[in-house]
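The following pair of complexes shares a single chain, chain A, combined with chain B in the former and chain C in the latter.
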Partner chain A sequence: MNELALAVPWLGKRNPQAARWLVIALAIGAPLIAMAFGRTWVRVLDFALLYILLALGLNLVVGFAGLLDLGYIAFYAVGAYTFAFLSSPHFDVHLPIWVVLPLAAGFAATAGIMLGFPVLRLRGDYLAIVTLGFGEIVRIFMNNLNYPVNITNGPQGINALDPIILFGWDLSRNIQVTEEVSINSLFLYYYFFLACVAGSIMFIQRLQISRVGRAWAAMRDDELAAKAIGINTRNMKLLAFSLGATFGGLSGALFGSFQGFVSPESFSLMESIAVLTMVVFGGMGNVAGAIVGALILSALPEILRHLAVPVQQALFGHVLLDPEVLRMLLLSLAMILMMLLRPAGLIPANAKYSHIRHLKSKGVAQ
Partner chain B sequence: MITLLEARGIGKRFGGLQALSDVSLTIGKGEIYGLIGPNGAGKTTFFNVLTGAYTPDGGEFIFNGTVLPSGKPHLVVAQGIARTFQNIRLFRELTALENVMAGHHIRTNATVWGILTQNKHTVEEERLTTERAYELLKYVGIERFATATAKNLSYGDQRRLEIARALATEPQLLALDEPAAGMNATETGQLKLLIDQIRRDGITVLLIEHDVKLVMGLCDRVAVLDFGRKIAEDVPAVVQKNEAVIGAYLGGGHKNAH
Partner chain C sequence: MEIFLQQLVNGLVVGSVYALVALGYTMVYGILGLINFAHGDLVMVGALTALQTMMFLMGVAPGMSPVAMLTLSLLVAIPVCMLLGFTMERLAYRRLRNAPRLAPLITAIGVSFLLQTLAMIIWGRNYHTFPQLISTTPVQPIEGVFVTPIQITIVIASAIIMAALILLVTKTKLGRAMRATAENHRVAALMGVDTNMIIALTFVIGAALAAIAGVMYASNYGIAHYGMGFMPGLKAFTAAVLGGIGNLGGAMLGGVVLGLVESFGAGYIEQMTFGFLNSSYQDIFAFIILGLVLIFKPTGLLGERVSDRA
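This part shows the complex of A and B:
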């Protein structure tokens, strides 16, 4: 929260308190503003929140602990499929959300540890290659586990997942306030996701300034020295993988329920790369960076989809470039420009954001 | 003299190179014990074996009456042995204070659940860690740089910070690997005072050093390594006159070394 407030251009440094309220107001008001442009945009915001959750989790692994993970989407898949198995007509199991969400997060964490063990000794490029393989393995399993026993329903995916129901309140139904006024279900999901994201931010920021966060940072900067001061790097790596995966699993479960449908093609390598791009683009090792990166890069393709075709038709009379092609083009361009102009990301990780204030509050630093 | 650390017949081989062979020595509580020898004599290898970075091929360390686990650095630190590195290895992107706070990791035990809920234990532990880290920065004399990023400190201050970080693990034995390397005379003088202070505060010091003046002026006893063997061990004044030692340093034949 504080990091986000400080990252607000101009206002953040001059009046952090005002910036903080601005951020809160924007977070709450965003769907109302989006609604003015049409319901689709609220949906885009809902997805953006899920991506923020993913980026926060991956940032914990890549940014905090320095473990490059190219198969992160696998945990998203584990979460989504856990939800699909336990809360859909597929096996005709309909567990309540309060059971399924922790289970999805728990299974993802277990998957994180399973990935963590074999890669404990790997670093950098080698770690990236193995995690990339892990991501593909999970996707291929989801794709093929429909024969001889049908578990995942193969490439067709699983349909008609249960909506999120909080205390008997179905988030997928619009609330009819009066005859004419109704609150759209997309809003309800938005605020539920927002609550999840806010809780996650709080947790992650507490982690960052704790003994665990310091141990991760130490390991990232110099693993040998971290060992020499008594940090059990094996346990700390496993913890990073499993906690990071927890957020992926949680996001996946919410995604499954929101979409009402899961299939293996949602969990391709491109998605892993997209989430990693969000983290890198925003600024590795920085919560605010992950959030801003996820927000921008998840909204960008949607904006393109809506603008590219009409703009090209107006200019040239016909469509020259498909929005999908344009998306990759612009994404690459954005990354190249970022590497040249802001190599540490949009909002570079800055120890002073999180730690020095923390120390000041303890009366240590001036 | 109460024995704090005893090395029994430590051996370490890297392929065809016998880096350490049958090195035995005892370090008493409260001593400053010097480990000297020409480049490549095996001093740093001895450190790495002692602190668990390498597993020895033979021998064992007895620390406070118990056998030290080999190849598990974090368990060695937990037993009370801390080290610094010859080429400074700080957590470069963290602040000076955080470096020292990270050093306190092994003496704290807040769990993820405690951190999530910020329970009393976690908050109290974090407060103590911060305060203690700040005191240690004061102790080595760099508290004014508490919030500076470690990589931006001057060379001498980085050395001090590394010592503060090692002290944060609450060691009984502090192993310093060439702490005066690259320092000028003034800085070395200050370092000498600091090491002496550390000893007076009850921590035993094991010192690898090339600066002969520093070793002779500071150490209670000195062991000399040459080609992985201990060729002498005594008080500095005696070691200085030992023929084998003079031979090892000046290249006057290796009668005793082979």
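This part shows the complex of A and C:
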């Protein structure tokens, strides 16, 4: 949990222990604070957690393994549509979540391997374009597979997805504690998603300092050298693709169930770029960076809606740029300026060999 | 047979536009090893600037002849795109020449989306009708095959432009400097080539071609909007890879081949898949070709460069 402390600047370096507890306290208390501003903000936090899952997964591929994936949202789509097929009135199948979630993750991982095989030999820029093409193909199929057999219901998407039900406990229903006091379902989803994110963080941090994580880092820094010291770069790349896709699929399934409907519109290239910007903005190859980037940029549209519209009305008398345009503008500027001025991101990855220091402290490495 | 010939004509027209755009990709890639993601959006800027100029001219001088109007709007659109290309290189890509390989690519994606957003702010989200100044009344050279004068113009104009570009690159001093820079920056600089200037010029020439291609593309379909550059951009990149990236002749060949494959594919996909897929899947052909080329022949049809270079 070392890197979590980095999410709090200044305090993180001086007193990691305190910083860590601060982050945990903030994560648990966040929806309560958000509730003070209105229910929409709790919803924003819920979506932010899904984006964090996505950013963590993409960070695995881009940040750890150094493979630029521009079609990442396709895995999110695979997850969401798997959930929609297996747990909605569309085919009238209602499998329990414990079956659907692993299946969604599994299908996404398979899609990741399928994408991975043909592009293994490609590097950097070619890879980016091919993955982008993959994302577009998936979207084109989602849009058009309603004819001649209706599978995806085309651009309308699939409605009335089942809510998440854990051991017979429906997360989409508010809990009535007493007559007046009730716990909103948004809170239930928040804590469930938080648990997922926390689990993923623990998994990824252990992964990063594991043999696999170090192999990825070696491959990212110099593929030839990595091959020369006996790393099987083919398997490592496939592993990166499929593990990254797993997170995408998981997040997609949760998203579908939380939102209640899926349509191809949610899985456009813009979303892939948005997730990539989160990773780049926060700091590639860094768990804390991905989290902070995802938090800031996923809350951005809502903040803009509440801030930019009144400000523009006060300044010019009418709305010049609507929040959606402003969001795109800020995202693209963020990407360019981050690369030019602070390529390591908001929270630079600790050091290239931070895991060695970690191992030393445990007496594993010399 | 009529369907075959008709798709051949359509494919040639779209293919020549792809070829023009692909030249911009391939020249920049040849010199910098950078995929200029924003190149496709220059196509869009070219088309929309030309549209704006035409609107202005129609308001000021309604009696102007269509050819003069088209020429004038091109004379505005081309310098605007050239300036944009120059600015892009100067402000964003030049500082990143020695950066890790992902950095310039991510910047290019950012530039692409920045251009789209700015276009959305200036021209709105709507589709605009693009005035088709050259006649669109089809002629029938063969019974059942329709060719419009605008399509003929597109094919001939792009052939002339490409021939001119080849002459520029192979016969002039500037062309020699460009080839030298593509071969090796440092050595070219030692031989007295102002490599910074050459790289900037490459962007500028590519941008000019993109502007022309944009006007052609929009005239052919009669429609322009802020996102129109994305798909042709991607397909042109595919064309460049198909022909062998870094190779001018390859980009032209790749563009035409891709245009033909796409057009035949869209025409026959319903028969090939027994009605399961229809022409709304037209866009996947480019990606499938891209995938196949990169797997089986990463150097492309005419390329000598290795795909690993990046």
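Heads up, the rule we're going with is that the second predicted complex is superposed on the first by the 344 of 366 C-alpha atoms of A that agree within 3 Å, B and C clash if a C-alpha of one lies under 4 Å from a C-alpha of the other, contacts with A are read in each partner's own complex, and residues count from 1 in each chain.
Convention: a contact is a pair of C-beta atoms (placed from the backbone, for glycine too) under 8 Å apart; a residue touches a chain by one contact, two chains touch by 3 or more.
Worth saying up front: this structure is predicted, and the values here are computed from it rather than measured.
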item: First, second, both or neither for A:Ala253, with chain B first and chain C second; value: neither
item: First, second, both or neither for A:Val23, with chain B first and chain C second; value: neither
item: Which of chain B and chain C A:Ile231 touches, first, second, both or neither; value: first
item: Which of chain B and chain C A:Met335 touches, first, second, both or neither; value: second
item: Contacts of A:Leu161 with chain B and chain C, given as first, second, both or neither; value: neither
item: Partner chain(s) touched by A:Arg206 [first = chain B, second = chain C, both, neither]; value: first
item: Superposed model, chain A: greater residue contact from chain B or chain C; value: C
item: Common interface positions of chain A, toward chain B and toward chain C; value: none
item: Touch list for chain C against partner chain A, complex; value: 33-35, 92, 95-96, 99-107, 109-114, 116-118, 120-121, 230, 234, 237, 241, 275-278, 280-281, 283-284, 286-288, 290-291, 294-295, 298, 307-308, 310
item: Touching residues (chain side chain A, partner chain B) in the complex; value: 203, 206-207, 210-212, 214-215, 217-218, 220-222, 224-233, 239, 243, 351-352, 355-356, 359, 362, 364-365
item: Residue ranges of chain A in contact with chain C within the complex; value: 62, 66, 68, 70, 118-119, 121-126, 128-130, 132-134, 136-137, 140, 143-144, 147-148, 269-270, 273, 276, 280, 284, 321, 325, 328-329, 331-336, 339-340, 343
item: Touching residues on chain B, where the partner in the complex is chain A; value: 51, 53, 73-74, 77-78, 82-83, 85, 89-95, 97-98, 101-106, 108, 110, 112, 115-116, 118, 122, 125-127, 129-131, 134, 146-147, 149, 165-166, 168-169
